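First chain A sits with chain B, and in the next complex the same chain sits with chain C.
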Partner chain A sequence: MARFTDKNAPAGLPIQHEGFLRHRNFRWLKIAVALSIAALLAYLIADVEPRPNGGTWIGYTLGAISAILIVWLTLLGVRKRSINPGKWTLKGWTSAHVYLGSSLIVLATLHTGFQLGWNVHTLAYALMMIVVLSGFFGVYYYATVPARMSDNRGQRSQVELLEAIRALDRQLRDAARPLDDQYVREVKRAIRKTKIRPPFFGSLKSVQRSCATDRALKRLVRAAQTADEDQRRAIEDVKAILQRKSALLLRTRQHIRYKMLLRLWLHIHVPMTLALLVALSAHIISVFFYW
Partner chain B sequence: MESVRIAIVGSGPAGLSAAGRAAERGISHVLLEKAPHLSDTIYKYQRGKYIMATPDQLPLRSDFPFEAGSRENVIGAWDDTAAAKGIIVRHNADVVSIDGSRGAFILTMKDGTAINADFVVLAIGVQGNPNKVRAPGGDLPFVQYQLDDPKEYFDENIIVIGGGDAGIENALGLAADPEQGNIVTLLQRADGFPRAKEANAQALYAAKNEGRLDFITEATLNRIEKGGSGESPYMAVVDTKDGEARMPVDRVIARLGAAPPRKFIEEIGVEFTGPDREAFPVLSPQYESTVPGLYIIGALAGFPLIKHCMNQGHDVVEFISGNTELAPPDTPLLEALFADAPVKRSVDDWIEHIRQDVEILHDVSPLQMREFLLSSDIQFKKRGDTIINRNDIGSSIFAIVDGSVRVQIDPDDKSKTVSIKEGSIFGELGLISGRRRTATVVADEPVTLLEIPRNATLKLMASVPGVKRRMERLSMERQVGQLFGRLLSPKAIDEILAGAEFLSLKAGETFIQEGDRSTDIFIIRQGSAVVEKKIGGKNVFLSYVLAGNYVGEMSLFYEGLRTASVRAAIKTELARLPGEIFERILRESPDLRRAVEAQVAKRRRLNDYIEAKRESFSSVVDMHSEVARFLLEEEGLSEATDALVIDETLCIGCDNCEVACADIHEGISRLDREAGSSYAYIHVPTSCRHCEHPHCMTDCPPDAIHRGPDGEVFIDEKCIGCGNCQRYCPYGVIQMAAVPPKKPGLFSWIAFGAGPGPGEPPKEWIASKKSRNGESPPKLAVKCDMCAGIKGGPACVRACPTGAAKRISPNEYVKLAGGGGED
Partner chain C sequence: MAIRVEFIKRRPGGRVTVKPKLYDADVLSLGRATNCDVYLPDLRVGLHHARLQRLNDNRVRLETDEDHRMRVNGALTRRRDVHVGAGADIRIGPYQLTLTEAETPGDLLVTVELVEASTAVGEATDEHEVFSMKGYAPDRRVSAWTFMTFVFAAFLVLPVAAYFMNAGAGPRDTQEPSQIATIGNLSWISGEMSSAHANLVGNCRDCHENAFERVRDETCLTCHDDLRNHAHMDVLSASRPTHEGAGVWLATVREGLSIPEGRCGSCHFEHNGPEGVTPSSSGFCVECHQDMDKRLSDTELVNVADFPRRHPEFKPQIVTEPHPVAPIFTRISLVDRPKESNGLIFPHEFHLKDPEVARKVETLGGDAQRRWGDELECADCHRLDAAGALFQPIEMESECQDCHSLAFAAEPDAPVRSLPHGEPEEVKRVLEDFYLAQATAQLLGDNWRDTLSRQLTADDRARRQRLRDEAFENAQTRARMMINRLFSEDGACQKCHIVKAQVDPEEPPEIVPVRLTNRYLPKAVFPHAPHESGDLDCGTCHRAEDSKESSDVLLPGRMICAECHNDDRGGAAIASDCQTCHIYHDDDAAPFMTPAGRSAFLLRRTTP
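Right after this comes the complex of A and B.
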């Protein structure tokens, strides 16, 4: 199959899709950069006494913008699920979410006036930074994983991968029939014990090594060396199927791993966002009460 | 002997309606029915069969009610009305002869009794008597000629004889539910099922593949004999092409068609229009036959639709009663159609005027005119009014009844126009391809236009051979006229047309081979083609040619050498125009040759460029070719007008497209993102492509599938859930689904966790809802409608967070692929 190698060249794909990062020729990147520069200039130019602080007029302005931004960025979760008619696109929202979210690093940091401590205010800031940084992971994975996932999957879907594994299981049962009892048991155990889903931690290589399919494969390789002619041929058949299954398992596990990568960061991003909203409320209320 | 004013033979829709009118007017009458119940033909329909009330626009004029519905509802309503109106029916009255004439008819029954009548209304239909099984054993009690309810039979060995629609529908019905345990075998005399609807034949093959039933072609029943074992005492002996086969049999259902009742009618003295099978009795406009006082209505008179029959039953009694001024029931509708006309004419005059003026309609009968006019539109335009715009969606054709129009042939220069005169048509390309209008048409003077929808035109072409012939001639003339930038003389066009030859190709068949010597030019009348060139041993995609365009003219400028190969991308209809004629025309007229050469110079430069660089072409071109092949041929985008394509380098597999689709369309997603194939990071999910010639429309009994104003192919509320469209769609994008119950709103879900959340609700949730209010809604065909009428456009694209989902039309794709071959 002719593989498309020059995938990063924008003119390469015959059908051009415009991804969320390039949305409208980087419109939200430009806006976010302009916003950050404006905030930085204002911060540098504004001569506030006694020192830059969240409580000055520039501090309030930056804080208000940041708070509004945070609330709006959170609403992406609602936007995604609320499919009402209208001229919006989720891609546009994602693009704005990414770039404006990134600009928070500048805006919120300037808002602190670099006064950090062990208090609820800094907690809100820290949570926000965690959210933004976890978002960067998300962007990185979204930008890199899908192509790798497509390569790994070949032209098959996940359903087809799983079906192919089941089909190999059926073949294994048939092919194992002429074998000695102990090997039949071994093959059946391999079918039963093989878990497709990889564990959360651990490299795929080690997962492969400890997989029941590979263990059965190893035993049969050893058995083939000592078996008589007839048995050996039968063992070779089973071996070939086990090898195919092992390769397919690797692909499928890789696929599941990729899918996990695409979701993993969200398990930090979303709960931290909720925590941030709580801390942000506490920050705002406490500032107004104890001022 | 009993004496009546009107004797009505046959109690189908026509006869019943006639009896109803007679009873209403207090005319002495008798309705003679050979069966022990009314309306035998419809009575014999399979239980639950859905009966349609077409043509929709035609008003019903009868004392009997009729609206679309199940066989039971229709028959029930008729039985009730017959009783309520006091109609005098004589059941089991099989009329064997009719003698005499107006004022003195004698009708004799099979049992020897007779009736005197002043007038006879013959409404016996065309069903006649069913052909019987003639093989020995054909008179056994379990040999039957109808199947009322397939659900009544359990654990039987059933042989269905006859591969027409009736036989296939019966066999499928008997085998539909495996719980019933029937072993069904269908015997078909022919090789294949040429008389059956394609959908039925396909369903039969599918059922055989799934092991639900069996059929044997080229097989006939030889005899039924004793000798079975166990619960089946009889065996059927069947002659097959591989010899005699024996099978146990508990029931035979023979659907062998019927002998038409023509002989009986000729014996009465009625003349027919001709000797062939399709001929009808000669009738006056009041339905009176050549025997005075004997009227013929209904299917026998050539009107197969129930509503027509019922209207005729009403009208014929009015005519007999002396009300000869009665206008047809559709007259008020037609009057409304012509209400805005600047010239006042009666409906009949209008119909005659249109028929005489518009060339393609010369062969249409006034009755057929009335029928299609009901679904058409009449427009009156002032000079300078725009009738259609280039790139509009629309597939109707326009006939110029009065006046003339101008077609803007160059989108960049509005002053370049050609005129189309009174009596001709335009917009006929819409019949060929489902694509957008190719040119803007403006009224040149005050015009009267008849706009005929695509379906009505196709129906007219199918039922009137003259319309088809004239349409094809006209569209060919136009297409040939377009060759070489409209430089051919009318004489040359005539000559080329005379030599034209029509071809029908399957997908993938090559009709121009690179390196061959030939100067034939091909017009693509339907379908599309792919132009390829061998470069470095590989076929490189050059361009993609849509219906309505032509290929092959370049060889005229390369000494007859074909510089590229062209093959059909899908099933394609071609016209081959002989090259010798072109060669001679160009030889004889150097002026024309120079003009044509100037026209094709751009194409030649591209060709020469490719020729010069053929060895150094990069792998990118190769890539384009491969992707083009994948999309256009494997994925069927060559017949698509709009398809969802996903970029796998951007798709994160979140399925938000499906969620959005389900949410915007009452809870059923019309696309399956993960299914479907991929190539080079391009994924074509299982989702409607809105084909040029939608396969799903092939056989929709209630005519519920249409193309909407934005080009979308959609299913309307007339869907009866028969599943034909699902079987016809080669891309598997139609599903049969029931609308799930309404979910709580998004806010209640976010705030209180109420309901299943966005997207398609899970089965368990639907089931939990259903148990509360009992009945589940019917399963209907569901497919993508391109989110027509929804602001913002397709939800799948709008809801994609990364921009991976995009809808494209192949026209766009052709541009991107950069071949640029076609004009």
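Right after this comes the complex of A and C.
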């Protein structure tokens, strides 16, 4: 993929985007792999007594590196909020965050010497693993979801999606006036009772099925088959609007789901990171408290 | 008699437009349907929602269809008759209708006004409401604070509080910490305690007496007070190698943190599981011992780095001068083919292989034969001690006497007497007593009461005196002869013992004392019991069947051990680290255990 800094690229030609994963030709991936291999070799070569654990010289070294890394990785939260770009770009910083964060799996696991128990030390380790693994989800969704998301949304903004639904509601309201009361009741429900936000669980298909708009649509489809000439035209109008609204609702709900994927991992990643910082402090204090 | 309907519309800016319509009828239909007289275009209104009917000049009936209702003067109803003079407020869907008398007498005025948003469409939905994570996941800030507070309280505050709750404890402290303090302490424990210290698990301060201070040696010595050191402290520090490479850095760090070397904790690491505290690799030992001669010029110790390759040949403790009280032991390397001088004559080969021994055993009969079986085996005489480590001492009475009997009788049918073992003086007296008693019995004959000396003639008395003298003399001679025969080359004693040349013919000859060695390697421990496995038998290591003399030292050489105890063998190897055989805190029994306890410990350690 072309580098962003390709100054010779003719103006006006689309420049391919270089994401944070392949930033600077995977510089941070290489660094993280090198770091992990070095740690693994040191662990294998070091002959420590009586068994590998966090209290040996290699254990302290790996622990110190891991602790510094964790604190630095946390600072991404600060860095991304600061407007002044500084020496490192946010993209570079994120790239380093992802790859160095992944290398923690190797470093911290070796630091434990595979000695785990029900204690603050393993708590810190477990929290760290949760943070890193949730981060993997984040990376995966950040890499795959945005494209699908913009395909799904077309050129519309979120507000435009909501406005379009409202506009269809208004059309429904007007188009439904000539209908029989029984159908009007359905249409009214479709307007009032349609919940845009899908529930946390369940497929969108089932969400659509139980949606008031779709129910009204189904009812009117049946009605259109039996209605007399006068009513049929009105029913067909309303049906068409309902169909458009249903399609739009599906896209909106899909959009919400995508947004959820992009954010949900953060609701684990961020609180767990902060809990990890406390657990890590307790872990370090405990080690030197009872030396 | 008309009905005037006024459609009122309020424009922005307060302007009001009124669109009147006059109906010359008694009945008005109100509804969403386009053919209604009063068209109320809203979905909340029914197609033919209501009817307004003049009953007479003063009364009007308001009535809805079956499916709908309306509000008349605030009350929900289907049908209501209204007095025109009193007027009425009617509410149908979003429309407010008022019913009053018109200016033209007899006419009815109905005003219609949309007072609610005509729409059933919801209000503009807030974008953030719809697209936020609210309802899907707890707020990040809230959950972050919740988790942080929990971890802080449970894993930092509680353990530190437990420290202060347990003030003044020590390893000997028997007071149990409170349950909450124990939970706090356990949450900080860095690994499973060793089985030896398992009782200290609930209270960190038993060992970690002060916060931010390493466990002090004094604390360990509170219990391990009978501990002996490996060598004198000066020698220990002189033999320690100088730091190189990363070691220099580590030593600097250690110095900076005031962690001296040579602490209990330098070798003994707690919190590494049940087996953890005693180091199991040779690293600590080899550090000093692999090139000790470089630092200790006057040491007699040979450099050791590794058992199968760099370890001197065994140097057993050999009896060179047997003495009943103070035998002389000399340590001689197996390389120099040492010969023992233990005072005993015992050819192993003869006892294990010669058919004569088997024949002898056959003649024993009874319990003795049952004990010894058809032929002799090692275990017939060498029986393990209770701990399974060494052997019970060999005793003449229990191991030899069944064959090497010391019993004797005057005649084949006479009662048997037994000579005492190990007491030549006693043997002499027993034999003298025996022969003197025999002579006395002969002299007295059967009728000693009738032969009183005063009844005898002088000749008889002289003869009797002579006979008596002869008899006693004879008895003494026979006793002496018997003693001489007993201690002679063909006698019973010399079968097993070395008899020194007789100095005083009146005294029994002196026997070289026997001193068997029970433990050849005083600096190592070798438990026999765990080695009784697989194809191993005594002969695998001890060449007893070829040993013709008891001076042979049957201890196997180092390479025999190294056939199995060889870490280079990889997966199937059996431990060959220093601690397999040696104990750092040098003594006869491990410092912190009873001898029996230590044997059990060694058994456990060496049993796969």
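By definition in this document, the second predicted complex is superposed on the first by the 276 of 291 C-alpha atoms of A that agree within 3 Å, B and C clash if a C-alpha of one lies under 4 Å from a C-alpha of the other, contacts with A are read in each partner's own complex, and residues count from 1 in each chain.
We take it that contacts are C-beta pairs under 8 Å (C-beta built on N, C-alpha and C of every residue); 3 or more make two chains touch, one makes a residue touch a chain.
Note that this is a predicted model, so its numbers are computed, not measured.
Contacts of A:78 after superposition: chain B is touched, whereas chain C is not reached. When both complexes are overlaid on chain A, the residue A:104 reaches neither chain B nor chain C.
Of the two partner chains placed around the shared chain by superposition, chain B and chain C are both touched by A:259.
By the document's definition of touching, of the two partners only chain C reaches A:191; chain B does not. With both structures placed on the common chain, the touch criterion links A:119 to chain C but leaves chain B unconnected. In the superposition on chain A, A:23 contacts chain B only, with no contact to chain C.
Once chain A of one complex is fitted onto chain A of the other, the partner contacts of A:178 are limited to chain C, with no touch recorded for chain B. When the two structures are aligned on the shared chain, A:159 is found in touch with chain B and with chain C. The partner that reaches more residues of chain A, of the two candidates chain B and chain C, is C. Residue contacts after overlaying the shared chain place A:88 against chain B, while chain C stays out of touching range.
Touched by chain B in one complex and by chain C in the other are residues 158-159, 259 of chain A.
Within the complex, the chain A residues that touch chain C are 47, 49-51, 53-55, 57, 115, 117-121, 123, 158-159, 162-163, 166, 169-170, 173, 176-178, 180-181, 184, 187-188, 191-192, 196-197, 200, 252, 255-256, 259-260, 263-264, 266-267, 270-272, 274-275, 277-279, 281-282, 285-291. Taken in their complex, chain C has these residues touching chain A: 32-34, 41-44, 46-47, 67-68, 119-122, 124-125, 127, 130-131, 133, 135-138, 140, 143-144, 146-148, 150-152, 155-156, 159-160, 163, 186-192, 204, 208, 211-215, 246, 250, 267, 269, 271-273, 276, 279-281, 283-284. Here chain B touches chain A in the complex through residues 619-620, 622-624, 626-628, 645, 647-653, 656, 659-660, 663-664, 674-675, 677-683, 746, 750, 757-758, 790-792, 795, 797-804, 806, 808, 813, 816-817, going by the rule given at the top.
Contact residues of chain A toward chain B in the complex are 2-7, 12-20, 22-23, 78, 80-83, 85-91, 93-94, 142, 145-147, 149-150, 155, 157-159, 259, 262.
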